[in-house]
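Structure record follows, encoded as structure tokens.
As written, the chain order gives the labels A, B, C and D, with residue 1 at the start of each chain.
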Amino acid sequence: MKENNFRRNTLYGLAVLAALLLARNLHVILRGLPDEEEQGAIYRIIFFHLPAFFTAAVCYLLALVSSALYLVKRKARYDALAAAATEVGLAFAAVNLITGMIWARIIWGIWWTWDARLTWALVCWLVYAGYLMLRRAIEDPSERARNSAVLSIFAFVSVALTWKAIEWWRTQHPGPVLRIRGAEGAMDPAMESMIYWNWLALLLVGAVLLAVRMRQEQMAREIDALRRHAHAL
Amino acid sequence: MSAVAAEGLWKFFGDFPALRDVSFRVEAGACLAVLGRNGAGKTTLLRILSGLSKASRGSVSILGRDARDAATRRCIGVLGHGIAVYEELTAIENLRLFGRLYGLENPGRTAQEWLERTGLEHVRDGLVREFSRGMRQRLAVARAFLHSPSVLLLDEPFTALDDRAVAVLQDLLRGALAEGRTILMSTHQLREALELATHAGLVDRGRLVYLGPRTAEMLADPGWLYRHYGEA
Amino acid sequence: MRFLRQCLTIAVKDLRSELRSKEAINASLSFALVILLLFSFAFDPTAEHTREISGGLLWLVFAFAGALILNRSFSRELTNDCLEALIAAPISGSALFLGKALANMLLLLAVEMICLPVFGVFYNARWTGQFPTLLSVTVLATWGLTVIGTMFSALTVNLRLRELMLPALVYPMMIPALMAAMQLTTLLIAGEPIAGEQLVWLRLLIGFDIIFTALALALAETVLVG
Amino acid sequence: MDERNLTYMFYGLSAAWLILAGYVLSLAAREKRLKRQLDNLKRMIEERERK
């Protein structure tokens, strides 16, 4: 039990840290940062819109890596990590998508445009929602782990290809604003650092959710084993 | 070198151990009947031996090689719960298909030969869809013996067979044993299976609790093994 | 060499049992023709209007009609547990997968080659102009759909809710292939050559095929055997 | 602070928070359900083993 206590304490610690950081960031976003000429107050959504996307991307990548590791090592831990990462990734992708639509409503005047990144974000969401649907449909944990690992690899490759396809198809989305994306001086440095700060906050939140979801996955496996054991009695 | 061997074999469904540290050796020419209640792990064991699923831990070897190698599978005959023949194909087409998959030099001739041995030559070009249950079972038996496998893995072979199919299967099994082939079958202590068996094994909740020669007492009283070795 | 022979054995088996029962191909063909008819009500096919939507319309029909064939590829093995016998046979998972994909490909192409003239008649579109290029684009795109469709049929073969889940799983994955096919087909039916900027779609289609065929062959064994 | 389209900023931020809060709630509900199933199963197995 000692090991569990240690894990639970670090989890709580991480959660508190994430909450504090989020509160501090929110305060700075609303109070501290200067205004933006054309967009008015709405531009502050970007501090959640963009980091949410980066966190979702990190989660999808984590799902890919842990799925590949599962196929090689066949350890249940990797399967639990892949499932948790995909689910948390979907939550952040939803945040990214919804905030994007609200921002688009003001700036482009319509809720939804078939713009490259908006469409691609929706496709990612559907592909990984399919992953969760497949997981729920398979009873045997070992087969579920194996098939969903294969699906996760297919999903990541397909999403990467879709990004290229949609980009050639049409793009209205504003160009890259971050210095790392080669957009010098497009953004006030204070604002840009806030994007990274809030990304860190969201990553912490993601990590906590991931840990909780992984423990639940292990609990589900335990329930399945007990149920099969009871069945065999 | 034993025909069929398992070393520290484990198989998990999630965290549930369907097979726990199963180790055994079956010499060539022996006929092992594996007994056990439903869900004890008999079918799981046979599926791993026939290369249908992989062991979670430990190793399984048939004729000295891993069960999943293509070369090994060429000398294994499998007869599972399902009869595994195609409804839309004719009897000869079914056997020729599996003959080709198993790499026989002349699939057509071997297929014809096995149709005769299982008494199906008169329905050679009939669609399996129109076959009676017994005819389908005999075709399935022919499919399992087609490539003259040196190891035969049968999952409860006699349970759903009609009398004629039972007779055909028993003759073929007796003939196979005479030719020094090895047979491993799971069964519900059916008299037909125990009669042929030279060795008997009992699987209880994933563990191989008994493996030894099949004695006369076992044949006389099928429940003997369960009472002496099976847990309550 | 044995690998190819075994693939052909599986492909011939699938084609023979499909052509004898004709369940999937009839369903797919009639489904395709009905959709073609319904689309003509959706937007009235005046000459220049069809020019823009021809690629999109055709490939929607092919994707939906094709799914009926692709979903059957592994579920047809469930009667009498034939899949177990195939996996126990000395044939690798990838050979089994490739054999089934080849059979599906031919069936899909058959349905498509019947739909094209019907489309030409219904929407009086001249599709015979650059037929060789159109055919090669169709083959490339159909192979992309087949690989994804066959793989997902294998992934979901022993699931009860298979029929309900497959569309939601498969179509998002086919987007790159479908988009490329739609763009290129619209161009070809409009009589314009594929040149300059449009070549990027052809490269995408070829890339899609290569990547997913390699991925499917590598992972087929893992999906089919425990 | 610039007042223009403040309301939509509010919608945006609250949407972001609501989605994450919704997900956390669903995790908590799932946690409760899993724990209850686990305890029931454990109790059932103990009874059966004692018999």
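Here, contacts are C-beta pairs under 8 Å (C-beta built on N, C-alpha and C of every residue); 3 or more make two chains touch, one makes a residue touch a chain.
Predicted model, so just to flag it, every value in this text is computed and none were measured.
**Student:** Could you name the chain whose Cα mean is nearest to the mean of all protein Cα atoms here?
**Tutor:** C
**Student:** State the pair with the higher C-beta contact count; candidates are A-C and A-B.
**Tutor:** When the contacts at A-C and A-B are counted, A-C has more.
**Student:** Can you tell me which chain lies farthest from subunit D, using the average of the Cα atoms as each chain's centre?
**Tutor:** Here the answer is chain B, farthest from subunit D.
**Student:** Averaging only over C-alpha atoms, locate the centres of subunit A and subunit C and give their separation in whole Å.
**Tutor:** That pair's centroid distance is 32 Å.
**Student:** Between subunit A and subunit B, what is the gap in Å from one C-alpha centre to the other?
**Tutor:** 49
**Student:** Compute the distance, rounded to whole Å, between the mean C-alpha positions of subunit A and subunit D.
**Tutor:** 17
**Student:** So what's the Cα centroid distance for subunit B and subunit C, whole Å?
**Tutor:** Chain centres of subunit B and subunit C, defined by C-alpha means, are spaced 38 Å apart.
**Student:** List, in ascending order, every residue of subunit C touching at least 2 other chains.
**Tutor:** Only 226 qualify.
**Student:** Using the touch rule from the top of the page, what residues of subunit A touch 2 or more other chains?
**Tutor:** In subunit A, 142, 222, 229 touch at least two other chains.
**Student:** Two or more other chains touching the same residue: where does that happen in subunit D?
**Tutor:** Subunit D, residues with two or more chain partners: not present.
**Student:** How do the chains pair up in terms of touching? List each pair.
**Tutor:** Those chain pairs which touch are A-B, A-C, A-D, B-C.
**Student:** Quick check on the complex: what are the subunit B residues that touch subunit A?
**Tutor:** Of all residues in subunit B, those touching subunit A are 12-16, 18, 39-40, 56, 205-206.
**Student:** Note which residues of subunit C are touching subunit B in the complex, please.
**Tutor:** By the definition above, subunit C touches subunit B via 2, 5-6, 9, 13, 16-18, 20-21, 79-82, 84-92, 225-226.
**Student:** Given the complex with subunit C, which residues does subunit A contribute to the contact?
**Tutor:** 71, 123, 126-127, 129-130, 133-134, 137-138, 142-143, 146-147, 150-151, 153-155, 157-158, 161-162, 164-166, 168-169
**Student:** Within the complex, which stretch of subunit C touches subunit A?
**Tutor:** Listed in rising order, the residues are 148, 151, 155-156, 159-161, 165, 168-169, 172-173, 175-176, 179-180, 183, 200-201, 204, 207-208, 211-212, 215, 219, 222-223, 226.
**Student:** Under the stated contact criterion, what part of subunit D meets subunit A in this complex?
**Tutor:** Against subunit A, subunit D makes touches at 1-6, 8-9, 11-13, 15-16, 19-20, 23-24, 27, 30-31, 34-35, 37-38, 41-42, 44-45, 48-49.
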